[in-house]
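Structure below; questions to follow.
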Amino acid sequence: MSVILVVNGPNLNLLGKREPETYGDKTLGDLQEYLREAASDSVELIFFQSNIEGEMIDFIQKNSEKADGLIINPGAYTHYSYAIRDAISATDIDTIEVHISNIHRREEFRQRSVIAPVCRGQISGLGFGSYIAALNYFLDKRS
Amino acid sequence: MSVILVVNGPNLNLLGKREPETYGDKTLGDLQEYLREAASDSVELIFFQSNIEGEMIDFIQKNSEKADGLIINPGAYTHYSYAIRDAISATDIDTIEVHISNIHRREEFRQRSVIAPVCRGQISGLGFGSYIAALNYFLDKRS
Amino acid sequence: MSVILVVNGPNLNLLGKREPETYGDKTLGDLQEYLREAASDSVELIFFQSNIEGEMIDFIQKNSEKADGLIINPGAYTHYSYAIRDAISATDIDTIEVHISNIHRREEFRQRSVIAPVCRGQISGLGFGSYIAALNYFLDKRS
Amino acid sequence: MSVILVVNGPNLNLLGKREPETYGDKTLGDLQEYLREAASDSVELIFFQSNIEGEMIDFIQKNSEKADGLIINPGAYTHYSYAIRDAISATDIDTIEVHISNIHRREEFRQRSVIAPVCRGQISGLGFGSYIAALNYFLDKRS
Amino acid sequence: MSVILVVNGPNLNLLGKREPETYGDKTLGDLQEYLREAASDSVELIFFQSNIEGEMIDFIQKNSEKADGLIINPGAYTHYSYAIRDAISATDIDTIEVHISNIHRREEFRQRSVIAPVCRGQISGLGFGSYIAALNYFLDKRS
Amino acid sequence: MSVILVVNGPNLNLLGKREPETYGDKTLGDLQEYLREAASDSVELIFFQSNIEGEMIDFIQKNSEKADGLIINPGAYTHYSYAIRDAISATDIDTIEVHISNIHRREEFRQRSVIAPVCRGQISGLGFGSYIAALNYFLDKRS
Amino acid sequence: MSVILVVNGPNLNLLGKREPETYGDKTLGDLQEYLREAASDSVELIFFQSNIEGEMIDFIQKNSEKADGLIINPGAYTHYSYAIRDAISATDIDTIEVHISNIHRREEFRQRSVIAPVCRGQISGLGFGSYIAALNYFLDKRS
Amino acid sequence: MSVILVVNGPNLNLLGKREPETYGDKTLGDLQEYLREAASDSVELIFFQSNIEGEMIDFIQKNSEKADGLIINPGAYTHYSYAIRDAISATDIDTIEVHISNIHRREEFRQRSVIAPVCRGQISGLGFGSYIAALNYFLDKRS
Amino acid sequence: MSVILVVNGPNLNLLGKREPETYGDKTLGDLQEYLREAASDSVELIFFQSNIEGEMIDFIQKNSEKADGLIINPGAYTHYSYAIRDAISATDIDTIEVHISNIHRREEFRQRSVIAPVCRGQISGLGFGSYIAALNYFLDKRS
Amino acid sequence: MSVILVVNGPNLNLLGKREPETYGDKTLGDLQEYLREAASDSVELIFFQSNIEGEMIDFIQKNSEKADGLIINPGAYTHYSYAIRDAISATDIDTIEVHISNIHRREEFRQRSVIAPVCRGQISGLGFGSYIAALNYFLDKRS
Amino acid sequence: MSVILVVNGPNLNLLGKREPETYGDKTLGDLQEYLREAASDSVELIFFQSNIEGEMIDFIQKNSEKADGLIINPGAYTHYSYAIRDAISATDIDTIEVHISNIHRREEFRQRSVIAPVCRGQISGLGFGSYIAALNYFLDKRS
Amino acid sequence: MSVILVVNGPNLNLLGKREPETYGDKTLGDLQEYLREAASDSVELIFFQSNIEGEMIDFIQKNSEKADGLIINPGAYTHYSYAIRDAISATDIDTIEVHISNIHRREEFRQRSVIAPVCRGQISGLGFGSYIAALNYFLDKRS
C-alpha cells in the first residue's frame, strides 16, 4: 500500500477558526477527513502540522523513505525556507506544493516560492481542492 | 449543460511533436481527447489554440458569456501579456491557469505570471494532469 | 479636409459592457458618436479597434500618410508594445496617447508607458474626455 | 459661480523668458490671459505661482474649500513632493496635473509623478493646451 | 525647567479637519492641549507647525540650544528631507520621530524614513499616543 | 482583569549579559520586573521568550484569545519571519512591535520589519522605555 | 537543394521608406533581391514579413522542417517575444538573429534580446550586410 | 566688473558652530571673508544662504542675469532638489557645485548629486578650498 | 584544555546518505570521527546538529562561555538566519563558517551568507577539509 | 592597400588548446591563417594578442591611424573594460566586435558588452566565421 | 622641497589629438607645461601616464613615500579599478581625483567613481583647471 | 614531485609595510618563507606577484600544465576580473582562492568574488592561515 505524507506549516492549525473570508470555515480536521475520503483504500495518508520549520524538516527526513509522495503547504515558510527546500531535494521525495488561496494575487512577497523549484509542481487557489488535486496526481501516478 | 473553455497559447500546437523530454509525446489532439473523457457528459468543452495573442483575446471575449469557466495555458504569453490578463478580468470569467511543466523550476522569466493574479488559481507541473485538475475543479464546483 | 485616426487597442471593444465602475457604461460606439459630434465638419475621423497588436501596426502604417494626427488608446499594449512604438516613430505621425482611467493610480505596471516617449503627449483619467481633449488639440493646431 | 485654482510650481515664473525651445515664448502672464479667455464667464480662476513647496501647500489648503477644482503644474516637485501629494489628498480637491512638455520623453526621473496617483488625471505635452484641456474638463463637468 | 520642542510638518495643521478615518477627529490644537496636560509643570513645551521644509529647519536651529529634546512629526518630509535630517544631526538635539498612523502598513514610500537614522527612536501608529509616549520618554529621562 | 502578552524573540534572553553598549546592563528579568511595576494591578502580564520562531507562533496562537494585547520584540525574526506575521494577523490580536535600540540607524537589513505592517504600531530606540510606552498604550486604551 | 527562411518582423516592411538616416534608403524588396543574388543557385530563400507576432510563429512552425536555417530580424519583438523564442527552440531550427543597426548603441531596452539565447548567433550593425553575413554562414556550413 | 553669486543651502549657516570634526571650526562669515580676500578687486561677490529650497531658487532667478557665475553648495538639497537643478538650467548660469567634505566617502545617498549634471563641474573635499577653487575658475575664465 | 564547538545545521544529519555527488559518501558520524582524530588530545570537541534554527541558537548561547571557538556549518540557514548571526555576535565567540561544497558556484541565493560578516572567516569547497582547516586555525591560535 | 587590425584579448592565445567543446580545436595561428586566405591580396592584416588590457589599448592607439578597420575580440574585457571602449571611441576607428561563441546564451555577465556601444556592430556565435563576417564587411565597404 | 605626483590613466596620452570637442586641443605635454608653470619653484612635479592599470599601481607604490600628494586622473579606470583604489588607501597618500570633463553629466557609468571614496576630494569639469585646482590645494596645504 | 603555484595580486607586495591593522606586520617574503616551511619536501612552490591583471593571466597560462594546484589571492581583481576567471577555467587548474581578511565583513563590493565560481573553494579571514589551509588541502589530496 502506498503512503502519502501531508504536511501543513505554520498557522494552518488555525484553519476554519480564523480569517474565514480567506481560508473558508472548514478546519484542519475537516481537511484531513476530506482527504481520507478522497484517497482510495489502498493509500495511507500520514498527516503532520507544525509551526516549527525544523520540525517540518525532521518529519520529512524521517518519513520520506517509506513514502511515495509528499503534499506540502509550507504556509509562510514557502517564501524563505531554503532549509525545507533542501530537505525535499535531499530526500528526493516526489512533492507537490499546495496553497489554499491563490498566492499570485496576494502581497508581492507571497508570489515567490523558494520551495517550488524542487517540487514536481505547484497548485494554488482551489481551496481544499488544491490538496485533492495533488492527491489525485499521486493516485493516478500509482495506477 | 455547463460549458468550459480550454484555451492553449503559442507553440502548444506542437505538443508531442517537439521537445518530448519537456512536454511528453502526446499531441494537443491527445490532450483534448483525454479531457473529453474526463469530462462528465453534462459538460461541454470548447477547445481553442492560437499563436496570436489577440486571437486568444477575441476567443475569450466571444465565448465568455456562455461559459462557466476557462482553463488557459497561455504559453509564453504567461509572462508578458497584460492584454490577455485584461480580457480575463474584463469578462470576469472563472479561470484557472495551467502549465504542463513546473514553471517554477525553469528560467527566471518563466517563474512570473502576469495572468495568474486575475485567475482563481494556478496549476503547474502535473503534465496533462494540470488540465485534468483544473477540469475537476469546475466539475466539483458545478455539483 | 484634415483626417484624424482614432485607434483603440485590446479589450476596448468591451467598453460599456464590462467593468462600468472603472470605464463607465458608454460603449465604444457611443465614444465614436461623441467624437464625431465634437469634431468640426472639416475633420474626418477614421476609427479602428483591434485586439491584435500587429493589426494595430498595419492600420497605422497604411493610414498614417493621409492622416494629420493619431489618437491612440493602446490598452494593455501601452506597457510593453515596443512594436507599436516603432510604428508611430517610423511613420512620424503626430500622436496623442489617451487613457480613460488615470493609469498613474492603478497597478505599478500600468504606470509606465513604452509608447508615450514617441508621442506628442499623454492624457489620462478624464474618461471619454481624454479623447475629446486630444481631438481639441488637433483642431486647435489645424486652425 | 464655480472657482478653479491654477497653481504653478518652481521656475514656471520664467515661462517665455528662458528655454523657449522647450517651453515656447509665451509668459506665465500670457498663459493666465489665455486661460481667462477660455473660461466661461461663470467660472472664476485663481492663479498662484511659487518656487516654495510649502507655500504651494499653504495655498491649496487655504483655497480648496471654496474651489471646485485644481489645475496644478508642480514643476520639478512633481517628482518628489509627497507633501504636495498629501495636501491634495487631504483636501480631497478634484485635481488635474498638467505639464507643458511631454514628461514621458524626457529624463528618466521626469517620467515618474508622485502626485498623479492622487489626481483625477494627468495631461502632458500639449503646451498651454494642457491647461486648456484641464479647464475644459472642469467646464464640462460643471455643465 | 526643561524645554521640549514639538514640531509638526506639512498638512498636520489639517488634523481633525480632513481624513478622520486615518487621523481621527481631534485637531492640532487638541493635540497641543493634550500634550500640555500630560507634561508635568516643570516642563515647557514649545509648539511649531509649518508646511515649509526650510522653516522647520530654521525653527530647529534657533531653538535647539535651549531645548532638552525634540518631538517631531515630519509628515511627508519624513521620506525625503535629508535637509531636516541634517538639521537634527548638526544641532545634535535628542529627537524622537513620531507618526499618528502606522507608516509601516501604508504605501511603500511611507515605510522608509530618512530622518529616523539620526533620531533616538521612532514611534508610529499610536495616534496622539505616539506624541505622549515620546513626551514620557523625555520626562523619564529628566527624572 | 485585562491580559497583555509580552513576547521576546531570539537572543533577548541574553539581555544585560552581552553587548551592554547596545542593549544596556539590565537583564530580561529586570525588564519583566520593570514592566510589572508599571502595570496597574488590574492588568496581568504574561511573559514569554524563545529562540525558536515556531514556539513564538505556538505561544501567540494559544494565548491570543484570552489576551487584550501583545507587546512583541521579535529580535532578528523581525526582518524575515512572515510566519510570525501571519500568526499575528490570523489571531487578529492588537499588537505593538518594540525594539530596544533604534533599528533605523543600524544595518540596512534591520531597518525593514516584515511584521510591523500587521501591527497597531512600532516603537524603537527608547530602551526598556519602548516596552513601557507600548504598555501605556494598552493601559490608556483600556481606560 | 537547401532552403533558408528569411523572416522580418514588425515595421520592417517600411524599410527604405521611413527613417533613412537609421535604416538606409533601400526597401525590403531591395534587401530580398540583394540576398537572392548573394545566395548560390543551389539555395532557395523563402521570405516572410509580418507585423503580427503570432503569424511569425505560424510561419516558423510551418516551414522549419523543410528548411536548413532561419535568418530572423524580429524587429521590436526582439526585446519581449518569449513566444517567438519558444517557436525557435521548439522547432530546433538553426537560427541567426540579425539587426540592421547596432542595437547595442541604441536605447537601453533595445540592447537586450530575449531571442538570441536560443539562436546560433547574433549579428547587428552591418546594415543589409548583417543578413549577408548570416547567409554566408549557412552557405559555408552547407559546403 | 564681473559678479559671482555664492549660494549656500540648508544648515550651512551652522558652519563652525556644529560638527567641527566634519566641517572645521570656521564660520560662514569666515568663509565669506576668505572668499572676498581671494577675489580680485574687479569681482563682486554676492552671498546668500537659506534653509528654504524655494528661496534659493528665487535668489538664483533674480540674480542670474547680472551674474557671470554661480558657486553653489546646495547642502542636503544636492541629493533631491530637481527644482534647484531646473533653476540653474533654466537661467543657464555658469555654475560650479561645491562641497566642503568629500561627499563620495560619506553615506550612499550623499554620493549622488541631482544638480551636478547641469553644472560646469563639481568640487568636493577641499574644505573652504572647494569654494576658492571654484572662484579661481571664474577668475581665470574672466581673464 | 581548550574546547571547540562544532555545530551543523539543517539536513547535515543526512550527510553520506543522500546526494553523494554533492556531499560525498561519508556520514556526519564519519566527519566527527575524522575531526576527533585531527584534534590534538588537549582539545575537546563538542558536536551538535539540529534542523531547528532556534535550537542552534540555544546551543551556542549555552556553550559559548566555556568554549574557545565555534566551527559552524549553518546549512541553508546561512542565507537568511539573522537570528543565528545575532547569537554569534552577542556571545562574541570566535567563529569560522564552513561549507562542504563551494557555495560560490551554486545557485545565486547560496552565494550570500548573512552569518559570515560576524565570523572570523569562511571556508568553503574543501569537503570535510573545510572543517579540518577551521580546526587547524584554532589549534594554531591556541599554540 | 588597406589595413585591417585584428586584436584578440585575454586567453584567446589558448584557442584550440583548451575547452575545445566551446571554442573548437583550431588554434589562434589557424585563425590567422584562415583570415589571411579570406582577405584579398590588397588588404593587409595586422594581428595582435595580449592578456593585458593596457597593451591592447597601446596597440589600438599606435595603429589606428594607418588602419581602415579593427576587428576585436576583447575576451572577458568585453564586459568591463571601459578603457578599451574609450580607446576605440577616441581613435574613432571603424570597429566590429566579434565573439566565437554566442555570448547571449552564456552566463548573465557575458551578455552585456561595454564595448559594443562604440562599435559599428557586433557578431557572435559563428565560430571563426564571426571574424570572417567582420572581414567581409570591411572588404565590401572598401569596394 | 615637496613632491607632487601627477598620474594620468588610459587614453589621456591622446589629449589634444582626439575628441577636441570634449577634451580641448591641448596635449598632455601642454598640460604638464601648464602645471609646471603654476607650481611654485619649491614643488617638484613627477608626471606619469600609462594605459596599464597595474603600471599605475606600480608607480604609486614606488613613489608614494617620497611624495606629499597625488593628483590622479584615472580615466576609464575611475569606474572599476578597485585595485588602484587599494593602492591609494594602502599607501595612504593624500590624493585628489581630477577629471577634465564633468563626469556627472556624461553616461550613467561615468558618474560613479570607485576611487573617490579613498581620496581627499574630487574635482571635475574645469578642463585643465581641474588639475590646477588640485595643485593649488597642495600648495596651500604646504604653506 | 608535485608543484603548487602561489599567485598574489595587486598591492599584496605591500604586505607588512602598510595597513598592519588589517593585514598584520608580516611581509610577502615572510609569507613565502612560512609556506615553504609548511610544505613537505616533496612539494615545490612557485611564487608570483604582480599588480598587472594580464601578467597574472600570463603566469597562470604558462605554469598551469606543470602544476598540480593554484593558490591565488587576486586582491582587488577578485571583484571584477572575469579575465583571470577565464584563465583559471580555461587551464582547468585546481584552484583555491584565499584572502587574508574576511572579505564578507568588509565593504559591499568586496563580498562578491567573480573568480570563486570557477575555483575548488574559497578561504578568507584566517590571515596567513588562509594560505596554509589551502596548501594543506593540496598536500592531503596528493597523499
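Think of it as A, B, C, D, E, F, G, H, I, J, K and L in the order they're written, each chain with its own count starting at 1.
Just so it is clear, a residue touches a chain if its C-beta (ideal position, glycine included) is under 8 Å from a C-beta of that chain, and two chains touch if they have at least 3 such contacts.
Just so you know, these numbers come straight off a predicted model, no measurement behind them.
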Based on which chains touch which, give the shortest step count from chain A to chain F.
1
Quick check on chain H against chain K: do more than half of the interface residue numbers occur in both copies, making it same, or fewer, making it different?
same
Chain C and chain K share one sequence, so how far apart are they rotationally when you fit their Cα atoms? Give it in degrees, rounded to a multiple of 5.
120
Quick check: how many Å separate the C-alpha centres of chain B and chain G?
31
Please report how many Å separate the Cα centroid of chain I from that of chain J, as a whole number.
48
Quick one: which residues in chain L touch 2 or more of the other chains?
52-55, 80
Check the chains against each other and report every pair that touches.
A-B, A-F, A-I, B-C, B-G, C-D, C-G, D-E, D-H, E-F, E-H, F-I, G-J, H-K, I-L, J-K, J-L, K-L
Give the list of chain B residues in touch with chain G in this complex.
9-11, 13-14, 18-19, 50-55, 75-77, 79-80, 109
Which chain L residues qualify as touching chain J in the complex?
52-55, 57-58, 61, 80-83, 85-87, 89-92, 114
Sort out for me which residues of chain B touch chain A in the complex.
96, 102, 104-105, 111-113, 116-126, 129-130, 132-133, 136-137, 140
